[in-house]
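Structures for review follow.
Next come two complexes built around subunit A: one with subunit B, the other with subunit C.
On to the complex of A and B.
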């Protein structure tokens, strides 16, 4: 545990230095805010256009879309963070081999890198939600937010995504530079399947089956319930309205445990395989 | 507690399998390096030097045999091995460009769990020794390759490892920087009894000057392992000549190799002339070699009888010079 924490601390420090150090702080804050904000605005505009052309179901899905899109920005960042750290350290910096021969924990280090990326960008989420509440009249009010639920859901969700990110880092250890697209491809696919953009009920039946098997679907639902008092209203037909919040939390907890059970041995296996094939210092140079 | 051997390998093997073929990078390497030694691996590219280092530093798993570093098995006790080692590889521009030199170095001390105050003290000392003190706050991206290499060398020493692996550490360095690095490596060993350095190089002079013992490795096999003096002494009964000639054809080399008493001949082609290293069983064979020169329409420019070098030992063992091996590789 001490080795894990030690490596986590160094990984977080390095992540902070490399993620936030490339431009001046003002530009960085602007960039961090503009990215989720512009995503939210694009989705809002698309939704408004659809509603005006007569394809609306009657329910105003703006809060659903806005919260989903803004919260998902963190998923995409975290999911890709560890795989990106592996690629950057191995191929661009040529340093992964030097980290691998230290007595520290590789997992701790990668978790630290992921933590740094999320922390740096996390502030953008409440700020963008505030922007949505003030400018787009998204019904998020400090007085109606379910804070305890929010806390539990955030922690469980971040754990799930972190373990998933660890699996992607393991995959990246074993393949070449184009593995950089793995994280993006997975987060892109999940964007479709997790109900971030639209309720999963609009998906064909077979896709709904996949969506219900993805833990992040429940995480986004939990986030909406914590932030938006009307999230469970049947009029939105999200496909998860009938699920009680207790059951939703149990699903999230079970998912977090399952992801841990899967990802830790998988990462170990990936590290062993990388050593077996001599991939820890691979440089594909393309 | 100091182990009997800093490094011990028995029948160490490593194969790389591709779709097309199976390549034996190491074919039964046996090594025994004692604490306090500066042990050198001498061989051309692809000989197996770096593969051996990778296995010993726990970056690569062996395909067979056993390897121990500081008494710990690299396969089953990798964490324990890592507490006793560090490594510096040459010829690469690694390092986090956005971090300063000090930050890069400090970060690695933290991976080893060093006290931050002690780490900074050591960083200051080593920056001073390597002439990088005024670059402590410079971002690594602004350093030349040579300065980055010096920084990496400091990184290797910072944690005070029991076994330091230097993989071609002077590759790409200018003469002065290479000399500083060699001198300090020797000094570090002299002032820290029991510390061990494993050096891979393809610079003969570097191995000759620095190493207590040298293993000549080629094709994944150790061909000879002894002190540089003893290796050279093994050729003392032979006679070594250096000839400068007008360019010679491969047929000449083949003809010379057929002469009885010619131990080896290697060629280094230059501008309008060739340099030939010739090892003969005795002086009396030389006229036959010279007559072959005339037969093949080549002219002798100069001839010198000299003491054997490690290069001669290498040629005698491998059958060709290091530069020829690299051209082939």
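On to the complex of A and C.
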């Protein structure tokens, strides 16, 4: 545990330096706002354009879509962060081999790198949600937020995404080339399957089955329930209205445990295999 | 006048005044263009996983946006509007990551110094990158457009295919000219270039109206966003493909937008050439052409 924490601290420190020292902190915070803010504004404009033609369904669905797209931006960042850290340290900086030959934990180091990226960008999510509430009239009010639920859902959700990112980092360790795409491909695919932008009931039946098997679908639903008082209104036909909040939390807890059980041995196996095959100092040049 | 004996035909002929001086500047320029375009066209086909991800990622994102309109029961033309914008994102991503950032990548990998040593114009190299990228990305965008249209049953009522193709190519010429300009600017940047490129990606999707008509943002924002050629290009293409729906969302007339795009194409081409010379000189003076990892 001590080795893990030490490596975590070093990874987080290095991650902070490599992510942010190209500019000053204020500009960096503004820069990190661009992704969630732009995505939220795109969705708002798409639905408002339709509203002008007399279709009011768009306006009704706006809180659902806005919260989903803003919260999902952290998923995309975290999923990509660890896989990218492996690629960057191995191919660009050539330092992954040095981490591997020290007695430190690569697992802890990669968690630190992911933590740095997410913690820097995490501030962007509440800021964008506040912007949505104040400027775009998204019905998120401090008085109606379910804070205990929000805290539990955020912690469980981040654990699930972090373990998932760890799995991708393990896969990246074993892939010779083009590993940079892994995080983006998975986050791109999950964008479609998690109901981030639209209720999963829109999807064909076979895709709904996949969507219900993805833990992040429940995380986004939990975030909506914590932030938006009307999230469980059956009129939105989200496909998850019938699920009680207790059951939703149990699903999230079980998912976090399952992801941990998968990711920890997979990372060890990936490290071992990468050493065996000499992949830790590989440089594929492009 | 001296004569020489042709070794193949054994016929006397006058000596070539250019003999011994090497190929003309024009020949070198086009050889460089072809040489730089070649890996972009052939390379991606050799690495099929790249081709898959280049199509798969924008396709998934576009499908997600189209499904938002599906969820609220919007007419098919609105889905078409999103699909056209989604297909065009491939060009914006290509310009950002494979044009604007390319000289930075080349600097990191040590190729830039080879370009500088080669007896060719840097504009030829950028033109080759643009043509190669344009060709490969057009194929990807076409697949996204056809696939999406088939899945969602979207039909188009093109008023003039000739005008549509013309506007499409004008937009791309102007866009890749902009890419050349950004490329020259990023030549002097360090790691900040990467972050600046990332910063340009999503906001441009918003202000240029990739997923909704740009007029919805108001005249002031739409006018400002017109500096990105795809803003006007998309608006014009949507007017030509969905004339009925776009009546209430038309920003400018197609003719005006085409004229502005032609102006932008010329402007970006000239400014990119000037900027490249200046930035190259500055990079040489500051010793940044061989700098790596900063």
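Operating definition for what follows: the second predicted complex is superposed on the first by the 275 of 286 C-alpha atoms of A that agree within 3 Å, B and C clash if a C-alpha of one lies under 4 Å from a C-alpha of the other, contacts with A are read in each partner's own complex, and residues count from 1 in each chain.
As a convention for this text, a contact is a pair of C-beta atoms (placed from the backbone, for glycine too) under 8 Å apart; a residue touches a chain by one contact, two chains touch by 3 or more.
Since this is a predicted model, take the numbers as computed values, not measurements.
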Check your understanding: Here subunit A is shared; do subunit B and subunit C fit on it together or clash?
Key -> fit
Exercise for review: Please indicate which partner A:74 is in contact with in the superposed arrangement: first for subunit B, second for subunit C, both, or neither.
Suggested key: neither
Point to revise | Contacts of A:41 with subunit B and subunit C, given as first, second, both or neither | key: second
Practice item. Classify the contacts of A:9 with the two partner chains as first (subunit B alone), second (subunit C alone), both, or neither. Key: first
Check your understanding: Just subunit B (first), just subunit C (second), both, or neither: which does A:197 touch?
Key -> second
Exercise for review: Report for A:226: first if it touches subunit B alone, second if subunit C alone, otherwise both or neither.
Suggested key: neither
Check your understanding: Once the shared chain is lined up, is A:110 touching subunit B (first), subunit C (second), both, or neither of them?
Key -> neither
Practice item. Identify the partner contact of A:93: answer first if only subunit B is touched, second if only subunit C is, both if each is, neither if none is. Key: both
Practice item. Quick one: classify A:168 as touching subunit B (first), subunit C (second), both or neither. Key: neither
Exercise for review: Quick one: name whichever of subunit B and subunit C touches more residues of subunit A.
Suggested key: C
Review point. Can you give the closest approach of subunit B to subunit C, taken over C-alpha atoms and in whole Å, for the superposition?
Key: 5
Check your understanding: Considering each complex separately, which residues of subunit A are in contact with subunit B in the first and with subunit C in the second?
Key -> 22, 93
Point to revise | Contacting residues of subunit A [partner subunit C, same complex] | key: 22-23, 31, 34-35, 38-39, 41-43, 45-50, 52-53, 55, 57-58, 61, 65, 92-93, 177-178, 181, 184-185, 188-189, 191-192, 196-199, 202-203, 285-286
**Study point:** Contacting residues of subunit C [partner subunit A, same complex]
**Key:** 47, 49-50, 53, 56-57, 60-61, 63-65, 67-74, 78, 82, 108-109, 190-192, 195, 199, 202-203, 205-206, 209-213, 216-217, 248-249, 293
**Study point:** subunit B to subunit A touching residues, read off their complex
**Key:** 16, 54, 57-61, 79, 82-83, 85-87, 89, 92-99, 103, 107-108, 110-113, 155
Exercise for review: Under the touch definition given earlier, write down the residues of subunit A that touch subunit B in their complex.
Suggested key: 3, 6-7, 9-10, 13-14, 17-18, 21-22, 93-95, 97-104, 109, 272, 275-276, 278, 280-281
